[in-house]
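What follows is subunit A paired twice: with subunit B in the first complex and subunit C in the second.
Entry: the complex of A and B
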């Protein structure tokens, strides 16, 4: 067994004992990254040389990791997997990267994402499709596709991604690993290329909950460069994981999870995924956690996806208006400045992105704002209010991360179907409310991994992590390496 | 004849250490792109951090303009594409500007007028563009500089009123110490909305917006040109187009830039990266305390309480430091009218001549007061007083010391003066005859003779009355 497939605790022990050096770890990670690149395409950039380590005393010093390619790294190409930034080398470091560097963690490379982090399937990056390490014919989900693949393949023990709707938690589920999105503001967004600022989170991919706690510990905290960042809660997450969860109360949403809803559905994967979910709930109850079924207005749930698309497209249109090819990025051609900007954006973005920008622009237009943008905001408020009201009684809610396993590339997806409208989009609740939310593996369906998700109250990252950690121990699905890893 | 209706949109750059949303220096520099941070360039991943000092200064002006202040500070994005706008949007305030429904008093031809302020908001400046034949250059030094925009009601009716408003507004910026407000550095800029209507009309005429006006004189010229242009069109039965026009200060004409029909939709929405911050009453009180008495208020005090003319009062309040100097002199016990005369006549002249600020001069209000008192109690003559003040300014010496050192005390000893009077009259009997024959102005000549004998130290008033007395006797 290689070192990079191990947990952070194990690698730490080997480093401290001198069984392996950080140089050797970097080389191992780099070689694997190169080896798997043609099959899975997890990286945009694989570093040739290990960066200088600054600190030798943290849990992460000497440990290799990867960053999603929409996180600013000074002197290292950062493309956001878009043609418009294909040669963009930032001049400053994102706070999350700076903190990891200061902690001595070793960057191996930058991961492929869906172009500009938009799109949830991992197929729209400018360097090509990311494949699922459990089955090359399937997608891994996005937008943190390459990051999830790199962790699932055992190239690195952790990766940093971003989560705007489900961009870390969904690929974590499809990759059989852990994806943790802390409370909004827990980790500074400074240096994360903005997709939808009010929904964007830096999030973490690992192969077990404790590793997610370790990494969050290092990168959390208030940042003078991000006004929305929270003061540090002073908690050491990895140390509180075994705090008692007895008596904690979780709910699941009846309209999403109750099998009765799917009586006439012949999607066997869906049924099996839900059955596994309910079996897991029984094990959760064995931990002394109470789990109740709660009903939420179906209309409100059906509005989640449209509201998410409306808000995120609108914000994305504005956030990406800096990509004009004048002061950085792909330079367009033309006789006037307008023509140059037009040309850069025409060449620089894929059709999908352009469609979203057109939508976003339409949504923000004076005559449409009230009906579209502001109403979407109201839906967001309504669902968050509803969840917060439930949080007066419950410590969190537990749901299947997805209604099934990772789809095949050629699978037809009806986004307005029962499954897609609610079951595939409830994760955005975590982004709407800024709630801490974590996905952990929940076994397999048809030999492909599935996940469950736990979302808790704002600021209670520690409680969410400890519930997840204890469920993980109960289920035993941890430190999974994908079948595709040779 | 038409009634002119004018509204102004004034931009003013605020004086702060750093820019509105980044740590780059807010400083005027001739070297392009020397004060630029990644935030000012809108590089991917950067986030705005609000400059508290800029917020405070914007609130200060809003309070000085008697505005209603919102309960919280929030910002909005104004979205449009332009090469001088690196983020593709400008952070500004649309929903809750720093101030609403305020006013500013102006005075034109001795008539007071209240100019309504529709709103005041805080935003960031754009980069500056220089266009050349086949290329343009961008300077990002200005990108992100804190800027306030003040929008008036359409309530001014002449170029003179617009100018008076701009001058009063500028004085508020200076008095509140929020900006240098120099138009030649682009720190204060103005757009003009102007329409014409028949005297008896009930509705405003079609509005034309004038942009690119870079000095107060140009505001006046642009308005006057536009009144002429629009009047001619209306006289011929034509229609005014709703449009934006640019003023060319070479040929002093306005030219059409774009029609308002294709006005841009800026798609304003709340800036998500800046959480709302409540404005407390205590904080506003604290800011209010820092606002000094303003020009309009001071002019009224000077006129009503000190009996100064509007002209003198206006001269004294032109700069806050001068007004404060004047007031300090009065507090030292000087007579307000005399203090005003000495300051406006001599000290301001000295400042202009040497391009000094009143804070640069050696003469303190206390020294000036002592000088005024010496003249007032006839210790020295007015003429001597002036000489002493000039000398004091030039040599940076206390006037009292100069008077003492040069033995310049006025002679008020009756016997001494009487001796000189007798001597002069004895020497010029023909002058007495002339005086008695009605050529009374010869008395000035005689006073001059006494002064000569006394080396200028005899008290002129005493000399005059003693001469008259003695002539009558002869």
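Entry: the complex of A and C
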């Protein structure tokens, strides 16, 4: 096994014993990134040279990692996987990158994402489609597609992504790895290219829960450049993972998870995914965790996806108004400044992104603001209030991350089906309420990975991590490397 | 009913255009989108709910002092602009 396929603890031990140097680790990660690039397209940029290490005393010093290409890195190309930013080189560092640099972590490259992080499939980046390392004919999910592929392939032990609806937790599930989105504000968003500011989170991809705890420990904390960032809670997450979870209470949503709902459904992957979910619940109960079935209004659940699309597209429309190609980005042609901006945006955005912007524009038309935009905000409050009410009794909820395995690239999806509207989009609850939320692997269906998700109360990142860590220990799917890694 | 002309107007308001066939695809997509959007308004008493704009109430909002701290040089500020003259970004004449 190569070093970059190991856990952070194992790599740390080898570094400390002098069995390997950070230079050798960087070279190993870099060579792998280059080797897998033509098959999986995980990277926009692979660095030629290791950055200078600033600190040699943290758990992450000398450890290689990758950053999603919508996180600002001074002097290193940062494209957000969009043509409009294909030559953009930032002049400042994102806080998350600065903290990792200061901790001595070693950046290997910048990962492909869905253009401007606005997509969930990993196929819309300007440098091409990201493929699933378990099966090249399938997508890995997005928007943190390249980040998930890089971790699943064992190129790096961790990667930093962003999660606005499920953009870290869904690709983690499709890639057989761990995706952790901490409480909103736990990690500063300064330097993350905004998609939908009220939903955006920096989030972490690893191959086991303890590694996610280590990385979160390093990058969390209040930041004077992000007024929404939270004061450090002072907890060392990796040290509390084994705290007792006996007596904790979780629920799952009946309308999503109960097999009775799918009696007439002939989607065998969906049925097997849910059966495995329920088998896992038995193991969760063996830990002394109580798990109950709870009912939530189906109509409210069906409104999650449209409410998410409404809020995110409207916020994105506003956030991306700065992409005009004058002071940075793709330069347009024209006789006036307006014509130049119009040309830059017409040429710089792909069709899929334009569709989302048009939707945002439609939602923000005066005649639609009350019916769509404000009602979506009301739906958001209704579901968050409902979950917070349940959190008076329960410490969190546990759900299948998706209704199945990663789809094939050409798979047709019925976007009005309950599977699409509820099973594939319940993770947005975590963004609506800012709840800490983690995906861990839950085995395989048709030789493709599936995941489960645990979401807890705001500020209780430590509890969510310790529940996930102990379930992970029961399941035996940690530290998985995808089949595509040779 | 959403027409192609309406979609073009929404796109142009955001300062971009699409190809004719792209508007046609989008128009078909809007059939599904509008049906999804209908799911938002179907709740009794929804008007009494205060729209939520942030995940939770933030008690610790951090404001920094309004003093100059980190600065970037003129060269850095202009390094991503494609057309620069005399330390300024050059654009077409506004007044002829």
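Odds and ends about this structure:
As a working rule, the second predicted complex is superposed on the first by the 486 of 486 C-alpha atoms of A that agree within 3 Å, B and C clash if a C-alpha of one lies under 4 Å from a C-alpha of the other, contacts with A are read in each partner's own complex, and residues count from 1 in each chain.
Assume a residue touches a chain if its C-beta (ideal position, glycine included) is under 8 Å from a C-beta of that chain, and two chains touch if they have at least 3 such contacts.
Since the model is a prediction, treat every value here as computed from it, not as a measurement.
Of the two partner chains placed by superposition, only subunit C is touched by A:434; subunit B is not.
Of the two partner chains, subunit C is the only one that A:307 touches; subunit B does not reach it. Of the two partner chains, subunit B and subunit C are each touched by A:228. Shared-chain residue A:379: touches subunit C; no touch with subunit B.
By the touch criterion stated above, A:349 is placed in contact with subunit C alone, subunit B being left untouched.
Shared-chain residue A:328: touches subunit B and subunit C both.
Residue contacts after overlaying the shared chain place A:458 against subunit C, while subunit B stays out of touching range. When subunit A is checked against subunit B and against subunit C, the one touching more of its residues turns out to be C. Residue contacts after overlaying the shared chain place A:92 against subunit B and subunit C alike.
Shared-chain residue A:361: touches subunit B and subunit C both. Shared contact residues of subunit A with subunit B and subunit C: 88, 91-92, 198, 224-228, 317, 321, 324, 326-328, 337-338, 341, 361, 365. Those residues of subunit A that touch subunit C in the complex are listed here as 87-89, 91-92, 184-185, 198-199, 222-231, 299-300, 302-303, 305-307, 309-310, 317, 321, 324-329, 331, 334-342, 345-346, 349, 351, 354-355, 357-362, 365, 371-372, 374-382, 384, 415-416, 421, 431-435, 458.
Across the interface of their complex, subunit A is touched by residues 38, 41-50, 77, 79, 81, 83, 86-89, 136, 138, 140, 265, 267, 269, 272-275 of subunit B.
The touching residues of subunit A, counted against subunit B in their complex, run 70-72, 78, 80, 85, 88, 90-92, 94, 189-194, 197-198, 224-228, 314-315, 317-318, 320-324, 326-328, 337-338, 341, 361, 364-366, 369, 373. Those residues of subunit C whose C-beta lies close enough to touch subunit A in the complex are 2, 7, 10-11, 13-19, 22, 25-26, 29, 32-33, 35-37, 39-43, 46-47, 49-56, 58, 60-64, 70, 72, 76-83, 89, 91-92, 94.
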